[in-house]
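Since the structure comes first, as C-alpha cells, the remarks are kept for the end.
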Amino acid sequence: MARKIKVGVAGYGVIGQRLADGVALQGDMELVGVADVAPTLSVRALKEKGMPYKLFTAAPDNRKALDDAGIPISGTLEDLVKQVDIMLDATSAGVGLKNKALYEKYGKKAVFQGGEKNSVADVFFHGYANYEAGLGADYLKLTSCNTTGLIRAVDCLDRVVGAEKVAITIIRRVADPGDYHRGLTNALQIDKAPSHQALDLMTIMPHVAATGILVHTPVTHGHIITVVLTPKKDISVEEAIEIFRAHPRIRVVSIDEGFLGNASLFRYARDLGNSRGDMYEIALWSDSVVKSGKDIMFAINIPQEAVVIPENIDAIRAAMEMQKTRDEGTAETNKYLGIGKWKITT
Amino acid sequence: MARKIKVGVAGYGVIGQRLADGVALQGDMELVGVADVAPTLSVRALKEKGMPYKLFTAAPDNRKALDDAGIPISGTLEDLVKQVDIMLDATSAGVGLKNKALYEKYGKKAVFQGGEKNSVADVFFHGYANYEAGLGADYLKLTSCNTTGLIRAVDCLDRVVGAEKVAITIIRRVADPGDYHRGLTNALQIDKAPSHQALDLMTIMPHVAATGILVHTPVTHGHIITVVLTPKKDISVEEAIEIFRAHPRIRVVSIDEGFLGNASLFRYARDLGNSRGDMYEIALWSDSVVKSGKDIMFAINIPQEAVVIPENIDAIRAAMEMQKTRDEGTAETNKYLGIGKWKITT
Amino acid sequence: MARKIKVGVAGYGVIGQRLADGVALQGDMELVGVADVAPTLSVRALKEKGMPYKLFTAAPDNRKALDDAGIPISGTLEDLVKQVDIMLDATSAGVGLKNKALYEKYGKKAVFQGGEKNSVADVFFHGYANYEAGLGADYLKLTSCNTTGLIRAVDCLDRVVGAEKVAITIIRRVADPGDYHRGLTNALQIDKAPSHQALDLMTIMPHVAATGILVHTPVTHGHIITVVLTPKKDISVEEAIEIFRAHPRIRVVSIDEGFLGNASLFRYARDLGNSRGDMYEIALWSDSVVKSGKDIMFAINIPQEAVVIPENIDAIRAAMEMQKTRDEGTAETNKYLGIGKWKITT
Amino acid sequence: MARKIKVGVAGYGVIGQRLADGVALQGDMELVGVADVAPTLSVRALKEKGMPYKLFTAAPDNRKALDDAGIPISGTLEDLVKQVDIMLDATSAGVGLKNKALYEKYGKKAVFQGGEKNSVADVFFHGYANYEAGLGADYLKLTSCNTTGLIRAVDCLDRVVGAEKVAITIIRRVADPGDYHRGLTNALQIDKAPSHQALDLMTIMPHVAATGILVHTPVTHGHIITVVLTPKKDISVEEAIEIFRAHPRIRVVSIDEGFLGNASLFRYARDLGNSRGDMYEIALWSDSVVKSGKDIMFAINIPQEAVVIPENIDAIRAAMEMQKTRDEGTAETNKYLGIGKWKITT
C-alpha cells in the first residue's frame, strides 16, 4: 500500500476541528497536527481529552497564554507545515491568504475555505461538480457551506436531466451553537441580491444561470434553501426524489417521519451518536418537492458545521491525485466517513 | 351625503382591534361596537382607555368574568348584529362559521378572515385583485395576511406586464408579539408543499400558476416572502421597481436607507407614531429585485398584524356597493387610512 | 405663569426620540429641537411625519447625507445649544462627555444618560430616590434603565419599612426591537458579578447593601429583575403589594389577568395606543411576591426604551429648580406624561 | 463478582435515551432493553445505528406503525419488565403512575422522574443529598433537572458550612433542541411564585428554608440558576469556590476561560466529543460568586438533558443496595460515567 498522505490543519475552530476529525478517519491519510493561536474552548477541550491531536501554535508570540492554560505545544505552524504534504486551512477569512506564503515557502499544497477570496487558489472546487478540475492542483478553494450543499443537489439533477437555471432562497442560520460574537434577536435580515451563493454556483457550474436572495434568521442549526430549478428535460416529482435518493451525500427525509425542520435533523444526528451531533449529508424533504409548469421546486437543509468536510477530503484526494476520477475520489471519502450506510424507510 | 354604513366587529384580538380602529377612521362608516368573550388583555386595555368602543359579549355565560374585571358591557353579540349593516368577523378560525347563523338570522352581511374555510363565503376577496367580484355580495372571505400582501405585488405586476407563473418562499413569523400559546425556539419548521398561499393566489388569480414552500421562523414582526415571477412580457429591474412604487399599498424601501429586515420596518412604524407600531403597506426591497433570464425575483415584507385591514375595509365598500369600482373603492379606503401620503427618497 | 423652560435633545435614537416626545408633552417646557448626525431610520421617520421637531445636525461634515435624504436641517448642535436652557444628552456612550465642552462653553446645564461615566456629572440622579440632590445642579447623570426601575421599587419599600440589603438577578433583554448591530441567538450570557446595577444602587442609596448577577437573554421587550430584599421591619406579602400599588410609576399586574411575561406588557402598551407601544411604568407581578424568613422576594419588568423618560424630566425640574421637592417635581412630570391615571382591578 | 443488576428503561425520549446509555456504561449493570410506543426520531435513530439496544413496545396496539418503519421489536413492555430487576421510568408525566401497576404485578422496583407526582414513590431521592433514604426502597422518584443540579450545589455547601435559607431565580430554557411542540418567541414568561424547585428542595433538605421565582427564556441549552444562600457559618468567596471545586459533579468554570453562558458549555461538551454533546456535571461560574453581608450569591448552569442521569444511576445503586453509603454509591456511578476526570485550570 502507498504511504499515507500527511495532512495538517490550520485553525482549530468550528470547521478546523471537524476537518481534523475527518482526516483522522481516513485510512490513507495521517493527521500530523492542528494549529491555533490561543487557548480557545476548543483547544481547552482538546487538552481535557488528552491531546489526541498534536497542537502547533500559529502565533508564537501568544505562547504564554497557551502555557498558562497548561496546553502542551508541539511547535509552531511553520514546524507543522514542514512535516505535511498538504494543509487544510480553516483559519478566519483573510488569514489563509497570509498563511499561503508559508505554504509556498515549503512548496506545500493547500486547501482554503469559502471565506477566502477566490484569488487565493488556482481552482474553486466541489467534490461532486468539478473533481477533475482539482487534479494535481496546488491551491484549491472550497465552496462555502451553503454553496457546497446546494451544488450537491443541483449537480445531482443536472447530470440526469440538465439544469437550465435556478432561483434560490437561502434561509440562513445566523450563528453557530456557542457563538457569542454574532447573533440576531427577533429579526430577519435580508442581504442585497443576488446572493454570493448563486454567483458561486455559476462559477462552478457555468452552464447554469442562477440568482438568489438570502435572509438571515435567528437560529443556529442549519440553513434551509428553497430551489426553483428549470430542468432541460421535464421530470416528475417522483423521478426527482429517486435521483436525489441515489446521491450518497443527500439524505431524503419527510415531515411524516418526524423531520419537521432543521432542529429535527440536529436532534437526529445527536441521537445517532454522531460526534458533536454532526451530519455530513444535506437533507432534502420529499414532501417539499413540487412543480410549477416544468420548474421543479424543493427544500434542502444544510448542516453548516460539517457539510463541507467530505468535499474538503475530496479536495485532498484530487490535489494529491490519490484517485483520478470524481467517482473514485468521492467513494473513498464516503467510505472512511461512513457516508451512505444509512437508509430511511419512507 | 349618504348615511354612514354601520359596522360591527366580532372578535377583539390582534385583527379585530385593528379592524375596529380602521373602521373608526372611515368618514363614511360608523363603528357600532365590538364583541368578545372574556377579559383578555386587549379588552382590559379598552377599559383602561375609557371604552372608546362599546363592548358586546359574545359569550353571555362568561359575563361574570367580564363583570369581575369591571368591564362595562353594552349587550350581547346578537344585540350588536341587530344594529349593524355588516359585520367584520375576526374570531378564531371556525367560530366565524358558527356566527354566520346569527348574521343570516338578521339578514346581515359579513366579512370573514383567512382562517375560515372558503365555503363560509360566497366570494374569496382581495381589494385590488377582484374588487368587482365582491360587489353586493352577502358573505365575503378575505385572503390571509401573507396572501393579501403577496397578491398586492403579483397583481400589481400582472396588470402591467402579465404574470404567467410564480414560485414563492414564505419565511413566516411564527407568533405575534405577546403570543404565549405558540412559539418556536431555535428552530425552523417546514410545511408540506405547496403552501396554501400559492393555492389561494390561484383561486383569486386563476390565470396565474403558483407553487410555494413555507418555512416558519422564530420571529414575531412580519413575514418575508421571496417571489420568482415569470412575466409574459420581459421587463427590467428598474421598470419593475417603478411599477411597484406606484402602488399605494406597497412601500419601496432599501437596505441602504437602513431597512435591514422585518425588524427595521417594525421600528420605523413605531417611530412614525403609527398606532401600535402598525403598518398597512407591505414593503418591497428595491435592492432585492434581480433577474434570471426573463424571470424576476424580489422580496417583500408582510406586516402580519395590520396588512389585511385595508382590504377588509375594501370588502365593506364592495359588499355595500359604496363604490362600484376597484379604483374608487380602494382610493376611499386609502384616503381614510392615510395610505399613500409617504414618499421615501431612494 | 413662568416662562417655559427651553430644552434641547442631543441624539435622536431609541432614548432621544422618547425624551423629545416626553418634553413636548410638558406644559411648562418647550422642546427647541433635536440633534443627530445621520439620516437614520428615526430621522427619516421624523421627516415622513412632517418634521414636528426641528432637527439640528451634530456632525456638520455629514450634512450631505442628510441633504441627500431630503431631511430639512435647522442648524448645528451648537446652534441648538445656544437656544436652550438645558440639554438632554442621549448620544452614544462617550459622546456626551465630548458634548459637555459645548454645553460648558455656553454655560448650559445638561442631563446625561446611564451610559456615560459618573465623572461626567456632578450628581448621579434618580427622581424618586434623590430628587433634592439634583436641585440647581449643572450636570446630572441619570441611572440606566434597569437601575432606574429597580430603584423605584427598592426606594418605595425603603421609605416605608427600611431596606437593609438586596440581591438582584437581572434577566436582561439583549437588544431593542429593530437592533441589528447586537443580538444573541439561542444563548444566555452571564456577566462578571457583581452587576453594575447593584453598585449603582449603592451609589444612589448608600445605606443599602446590594449585590447582583446579570444574565443576557435573547429577547427585545423589557428586562425582568428578581429582587431579594431584607427589610428592616418585617412586612407581609399583602402589605408589600399595597406599598407598591401606591407608587405612581409602578404598575401592579398579575399572571391571572393575563400578564404572562415581558411580551404581555409590550402587547398591552400597544393595545393601550401608547406611542410606539411604550410604557413609562415598571410592572410588578403581585403573584411573584414571596417571603423566605424576613426576606421578601419579587419580580419586576423594566420597559427599557421608555422607563427612564420620567426621571429625565424630573432631572430637568430639579436642575432648573422648577419644583423644590421630590413630591412636587415627580407629580408635575407624572401629570404631563399621564402617569397614574390607570387602575387595574386585581 | 456479583451478578450484574438487570435494568430496563421505559420511554426512549430525551431522558430515556440518556438513561439507557448511562446504564450501558455501568460495569455492574446490564441494560436489558428500552421501551417506547412509536417510531419517533429517537427510535428511528436506534434502528439506523443497528439496534444496539433491544426495543420493546409499550403500546402493542401501535405495533403496525413500528413495523411499517422497519423497526425490529423484541416484545412488549411487560416482557421487558419480567426480565429486569429494576425499571427506570422516563415516560411522559402521568404515564409512570400507570406503568407502576405493571411493575407491582411482577414485584419489580422502579425509579420515576421528576414529572411524576411525589405520591408515585416511597422516596423522593437525590444521590448526594439523601442516598441513604433510598436504600432498599421499592419506588423512588428523582428530583427534576433543575432541582437535581441545584441541590448538588446547596448540599455541597450545606455539608461544610450549613445552609440556613436560599432564594433562587431560575432562568429556564423553554424547550429542548429539536422540540417543536413547545417554544417561546421573543418572550420571557414568569411562573407564579414560589417555584416548585424551591419547594422540592425543602422536601429533600427539610432543614433549609427556600423560595424562588422561575422565568422561562427562549433558549434550548441549559438553565441558569442564581442562588442567594444564607450560610450558618460565614465563608469567603474563595472558600466557597474551593468547596464547589471538590464536588465531582460540579464543574467550576469562568468567563475568562471563555465560558460566556449556557451555549459555551454546550459547545464545549460537543467539542469534548461527549455523546450528543451532553454534560453530566453542572457548571458553576467562579466569577459569579459574590457576597452581600453573610449571604453568598452564585450562578450555576444546568444541562437539562443529561444532568439527572448520574442521580438516576445512584438511585439504582441505593434501591438495589449495591452500595450502602452515599460516598460509595456516587463514586461507583461517577467511575463508570467518567465523571471527575477533568480538571480545568482557572
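Just so it is clear, A, B, C and D label the chains in written order, and each chain counts residues from 1 on its own.
Assume a contact is a pair of C-beta atoms (placed from the backbone, for glycine too) under 8 Å apart; a residue touches a chain by one contact, two chains touch by 3 or more.
Everything numeric in this text was worked out from a predicted model, so none of it was measured.
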{"item": "Between the pairs A-B and A-D, the one where more C-beta pairs touch", "value": "A-B"}
{"item": "Farthest chain (mean CA position) relative to chain C", "value": "A"}
{"item": "Whole-Å separation of chain centres (CA-atom averages), chain A against chain B", "value": "42"}
{"item": "Where chain A and chain C are represented by their mean Cα positions, the distance between them in whole Å", "value": "47"}
{"item": "Whole-Å gap between the CA centroids of chain A and chain D", "value": "35"}
{"item": "Chain D: positions in contact with at least two other chains", "value": "177-180, 185-187, 189, 218-221, 260-261, 263"}
{"item": "Residues of chain B touching chain C in the complex", "value": "17, 39-42, 44-46, 48-49, 68-70, 177-180, 185-186, 221, 257-261, 263-264, 266-268, 270-273, 275-277, 342, 344-345"}
{"item": "Chain D residues touching chain B - in the complex, by the definition given at the top", "value": "174-175, 177-180, 182-187, 189, 218-220"}
{"item": "Contact footprint of chain A on chain B as seen in their complex", "value": "165-167, 169, 171, 186-194, 209-213, 215-222, 224, 226, 228, 255, 260-263, 285, 287-293, 295, 297-299"}
